[in-house]
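See structure below.
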Amino acid sequence: MMNSFGHIFRVTTWGESHGPALGATVDGVPPGVPLDEAAIQHWLDRRKPGQNKYTTQRREPDAVRILSGVYEGRTTGTPVQLMIENTDQRSKDYSEIAEKFRPGHADITYWQKYGIRDPRGGGRSSARETAARVAAGGIARAALGELAPGIEIRGYMTRMGTEAIDRARFDWDEIERNPFWVPDATAAGTWADYLDGLRKSGSSVGAEIEVVVRGAPAGLGAPIYAKLDTDLAAAMMSINAVKGVEIGEGMNAARLTGEENADEIDMGDDGTPVFSSNHAGGILGGISSGQDIVCRFAVKPTSSILTPRRTITKAGEPAEIVTKGRHDPCVGIRAVPVGEAMAACVILDHLMLHRAQVGEGPRGTIGR
Amino acid sequence: MMNSFGHIFRVTTWGESHGPALGATVDGVPPGVPLDEAAIQHWLDRRKPGQNKYTTQRREPDAVRILSGVYEGRTTGTPVQLMIENTDQRSKDYSEIAEKFRPGHADITYWQKYGIRDPRGGGRSSARETAARVAAGGIARAALGELAPGIEIRGYMTRMGTEAIDRARFDWDEIERNPFWVPDATAAGTWADYLDGLRKSGSSVGAEIEVVVRGAPAGLGAPIYAKLDTDLAAAMMSINAVKGVEIGEGMNAARLTGEENADEIDMGDDGTPVFSSNHAGGILGGISSGQDIVCRFAVKPTSSILTPRRTITKAGEPAEIVTKGRHDPCVGIRAVPVGEAMAACVILDHLMLHRAQVGEGPRGTIGR
Amino acid sequence: MMNSFGHIFRVTTWGESHGPALGATVDGVPPGVPLDEAAIQHWLDRRKPGQNKYTTQRREPDAVRILSGVYEGRTTGTPVQLMIENTDQRSKDYSEIAEKFRPGHADITYWQKYGIRDPRGGGRSSARETAARVAAGGIARAALGELAPGIEIRGYMTRMGTEAIDRARFDWDEIERNPFWVPDATAAGTWADYLDGLRKSGSSVGAEIEVVVRGAPAGLGAPIYAKLDTDLAAAMMSINAVKGVEIGEGMNAARLTGEENADEIDMGDDGTPVFSSNHAGGILGGISSGQDIVCRFAVKPTSSILTPRRTITKAGEPAEIVTKGRHDPCVGIRAVPVGEAMAACVILDHLMLHRAQVGEGPRGTIGR
Amino acid sequence: MMNSFGHIFRVTTWGESHGPALGATVDGVPPGVPLDEAAIQHWLDRRKPGQNKYTTQRREPDAVRILSGVYEGRTTGTPVQLMIENTDQRSKDYSEIAEKFRPGHADITYWQKYGIRDPRGGGRSSARETAARVAAGGIARAALGELAPGIEIRGYMTRMGTEAIDRARFDWDEIERNPFWVPDATAAGTWADYLDGLRKSGSSVGAEIEVVVRGAPAGLGAPIYAKLDTDLAAAMMSINAVKGVEIGEGMNAARLTGEENADEIDMGDDGTPVFSSNHAGGILGGISSGQDIVCRFAVKPTSSILTPRRTITKAGEPAEIVTKGRHDPCVGIRAVPVGEAMAACVILDHLMLHRAQVGEGPRGTIGR
């Protein structure tokens, strides 16, 4: 169960950065969902490296193949196996990083835990694993399209290092227009210069990503330990380099009074509840309220930088390391589609879990 | 699986705030661990309400009973059933909150999901459920005492509303000396006045809690979806009112450069790796490094306040609600022992998962 | 997960034969199901010991209490905790069986595994644990009554030692009329004499039980490893003293040709498929076909007999043991309600799992 | 979780009979185990079709590829992905079986459940899926070779239709010498003639297979619902066409008295317990005793026969069907390596689960 997530829509990812292939085994897919490779490829292409100067220059086509679970363009209810071949595994020399532990990477902990590790490109701990998540997210999106057509899942960057968006300028349409998926046209320009400077100096920077789920029904989430926020937190924290996860107000909730944090409830014109604000991020007691579900996470700066860092070798000798190679100055950029994919998987899983226990749709009605 | 957590050391909590009892069914307990009710009561008493004027005046003895799994003072390897009877269920009138949804509470979402809810004291969504977690954590602590004796797990508050600790004054010994478990004697005084003011005005405030695990071996955590940080994030986010979880730098990682965030590695005098800093919070690639494991979470302010709030009734009519009753102005205070308990459960679970797959202790050696 | 079964309707049993209590923690219960203690007690009373001379003379009222998950007579969707107190724990001397391993019992294996065991009445390995299963089965029956009202689950004995039923005399109404739950009035008489003889000589005998589920919809069972027959086999084999499980033809399938084993398919007058026979036991490819689901299992003879048996002590010394005490000459009799309860849990669980993945009811239609 | 088995050593199989490929995603593999494709191929070749006239003439090389989890010839602790390409998917016409339900096959139930099915070669319900199990079993065997070197797992046929082995002639060495894996040289000859006759007449026959695990330590199995016999029963019942599972005496236990069924215990010369007989099949209370673990299962006759059978079409019209094509007259033959593979997976999984909870080896000692 170590490489799987989800209760019913259950995704197991497999594969290393420089092995023959990587992929996802996706179990519990609803039957009859229209699905083909192009539909999944669409989402993978958003994450694909080498698309602009801000992401790694590793050039992988990242072409996904469906090996099972689909017949004549529709899912059959049996496991869908997704495979992405690794084609650009440069035959470079890995002997240095096989001996030295790169600070900030999982080299030292994989070694300590297992007594063996695949040093090529970080092996299993490489961010390349997230391609499998995005592919699985493509299945989740296709299934959501059938089970709950109105749901929209959007991710975007809200901060990169010292630069943050101005929410007064928030523009959904801007997200797809810039390489940072930032919903703020002014920021998009500033960030380009900022990141260019970091890239040229061989430095790197962290990022904050927000994922919003709009149109999800009330009632998703199963207290106490399969709460919707619990599962979102786990999903996001499991992404490489993520160090913090927030729902709604997030860490800032610690600073507020009860008056400031209250989301008052009114009855909307359409006969459903309307909230005066969304400090809760759309989740109360672990269950969705019908408001936008708002999740945020922080990605640490890429640990691979040109400044030499002190480390040790497997033999325990002191050493210095400079990580050359094809790295993203802000790995957080490519975390946007990954966060969206994880949210899609969690929402679908909870829709399925809800109908297992309760049936179709929310059960309690408000008003007549 | 909705009310259970843990892979092998598996805790299922049950019970409502005003039902006859609540408790935890704890499966996967290692055999031969010395355990009695007093050992668990010790931890429960730290969380017990009504101990000072800052926590709810509900007076529950919270006396735990062990109903199974222990024979002649030692665990047998079979499930341990822990039961805490609810004795102070004041026979008050719940008809108002049975009809009106309290803003910020799970009233509306439980209703929407299930079409039925126990309104007495919040039912299953009450913070009272956390007593079962603390009791289960007592078993985890006892087992850790046998399996990995050097591990120490400590929680404390780092922020309450506008007030934060000064890390320059950090003092481990201070934690047990004040009602806030704050590791800063000066803050302890200031906070008392601050909270007293909030309490008298019928307001409430959020809090930030930090839990540190010292002495855990390297190698805990099973990538990719049973990472140690993933499971800690899920454990903490599942606690009532928690809105954010951080490991090490947490959300602040988004602001840093690679140079600022790097934890360089040296060889210590005792032949184990030493890190120059701990931005990582003791976890790299989801696996513990042997450094202190640092986890932080934010608890929102208690939603029950004296200021009237706008809401609706089950019938969809507009209404106003004032939550009287016995409530904590800062529910985050009592979240400290809960966070510790969750950490204890996660660490024990991962020790067991590690020895399942790898065997006793870390496998890779550094040096010689 | 060691003491739990079920995918979504998840039952965890806990407790020892002579501890303060035993019970079941039942998670994933659908909300809104009418449930009270009497409804569960009804099923428990069928299993209760001491009702006639053929079952153990231990006199337990086996009164069940519901501690959570029910509000105003209906389930709330939160875990239901069931507790049965052990009241007739005779303060007898267990020092002999604490030292000597009773042949055929789990004494030696529990000792070897855990290095500690509760010898009082067999501890956790006592058949008394099955009371918790029957109680949980009562919840499953109540939920089935709401989700799929037409389902009927009936168990009965088909063999006791050398005596077998004559299927030509099969009579559903007879089952409730005799202490053996045997659907054959003639056999009921013969068996009484046969068992009386065994009982008086201090011997014991095995039994074969059949459980039939009528009226279950087609489509239950999730290939490949959550097949309906897989889960039934696991459920029945987990019952104390069970050594074999069969679906439909069972072990006899090894003796047949393809022609003999074929269940041909016709279209029934009501527009649903009708099968010419039921060698398959209602399950094809792990999925229910709409035919009766037929499951059979064998219970070994009670190991506690008056004839002295050779054994060893914990110290490895040779010894002889005679098991006195209150034992059933045919423990298989009381396995009938246990088998029914397990079937009820499995069927409900699969109904829920089916609606998670596929939705309400079978999806493919036959005919217009 | 529908296509996965195992608690910690967790196998998920995927793929259809006539899709591009099938395989197994194997999680929880211990690190450092020597493994390459040849080691797995060895076991797959035993199951390979087309090796003699008694098994299907479909000619698949069944060449397995390892796509992840192995580095420089040793497992890394990350998931091992095994893929077997389907190369002999004859482009035959599946339009008839796409419309008509073959009696005894899963055609009708897959249709009813999912409303869609892949008719080519039975899709997911084809016995071809068992290749993935055998491959996964190869990993389990390799890991057992490291963790518990003395364990031997052997399967063989004990019955084919009217023909059964004579246990007086039991010969371990004979198993590998005949196409039936029958441990009785005389039977091997008789069975060849018998099956030849059935094959020529287009008929088929059932089989009984026994799997024995020798040298497993005492203490494997985790009561109550992860009992070793429970998990073996589930594993065997999940194999295609299996209708019954037995441990030790199996269904025959229903016929015995307590005296007949008793396995008395002596102290062996080597200081470990010795049993006078093995009615228990090596498992007491769900935990291994150190004796041989004996598991038996029955496979029904291949449903595809030349005799026309009555059935219906998807439209509900009456029809007749004759299954031509490449089928095994006794599919039970190829179930022998499958049963061995499942046993290997279960034993490894329980070794790992045991060391998670208890540590290395049994805990309780007998003697001194």
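The first chain written gets the first letter, and so on, giving A, B, C and D; residue counts start at 1 in each chain.
We take it that a residue touches a chain if its C-beta (ideal position, glycine included) is under 8 Å from a C-beta of that chain, and two chains touch if they have at least 3 such contacts.
Chain-to-protein mapping (UniProt): A, B, C, D = Chorismate synthase.
These numbers come from a predicted model, not from an experiment.
Two copies of one chain, chain A (Chorismate synthase) and chain B (Chorismate synthase), form a contact in which over half of the residue numbers belong to both partners.
Simply put, of A-D and B-D, more C-beta pairs touch at A-D. Averaged C-alpha coordinates put the centre of chain A (Chorismate synthase) at 26 Å from the centre of chain B (Chorismate synthase).
Averaged C-alpha coordinates put the centre of chain A (Chorismate synthase) at 39 Å from the centre of chain D (Chorismate synthase). We define each chain's centre as the mean of its Cα atoms; on that basis chain B (Chorismate synthase) and chain D (Chorismate synthase) are separated by 45 Å. Taken residue by residue, chain A (Chorismate synthase) touches two or more other chains at 1-4, 8, 13, 28, 31-32, 77-78, 113-117, 124, 223, 353, 357-358, 363, whereas all remaining positions touch fewer.
Of all residues in chain A (Chorismate synthase), only 1-4, 8, 10, 12-16, 19-23, 25, 27-28, 31-32, 65, 67-69, 71, 74-81, 83, 113-118, 123-124 touch chain D (Chorismate synthase) in the complex they form.
Touching chain A (Chorismate synthase) in their complex are the following residues of chain B (Chorismate synthase): 1-5, 7, 13, 101, 103-106, 108-117, 124-125, 129, 159-162, 198, 203-208, 218-227, 229-234, 236-238, 240, 243-267, 271, 273, 276, 279-281, 283-290, 296, 298-305, 307, 309-312, 314-318, 332, 353-354, 357-358, 362-368. By the touch criterion given at the top, residues 8, 28-32, 77-78, 223, 352-353, 355-360, 363 of chain B (Chorismate synthase) touch chain D (Chorismate synthase) in their complex.
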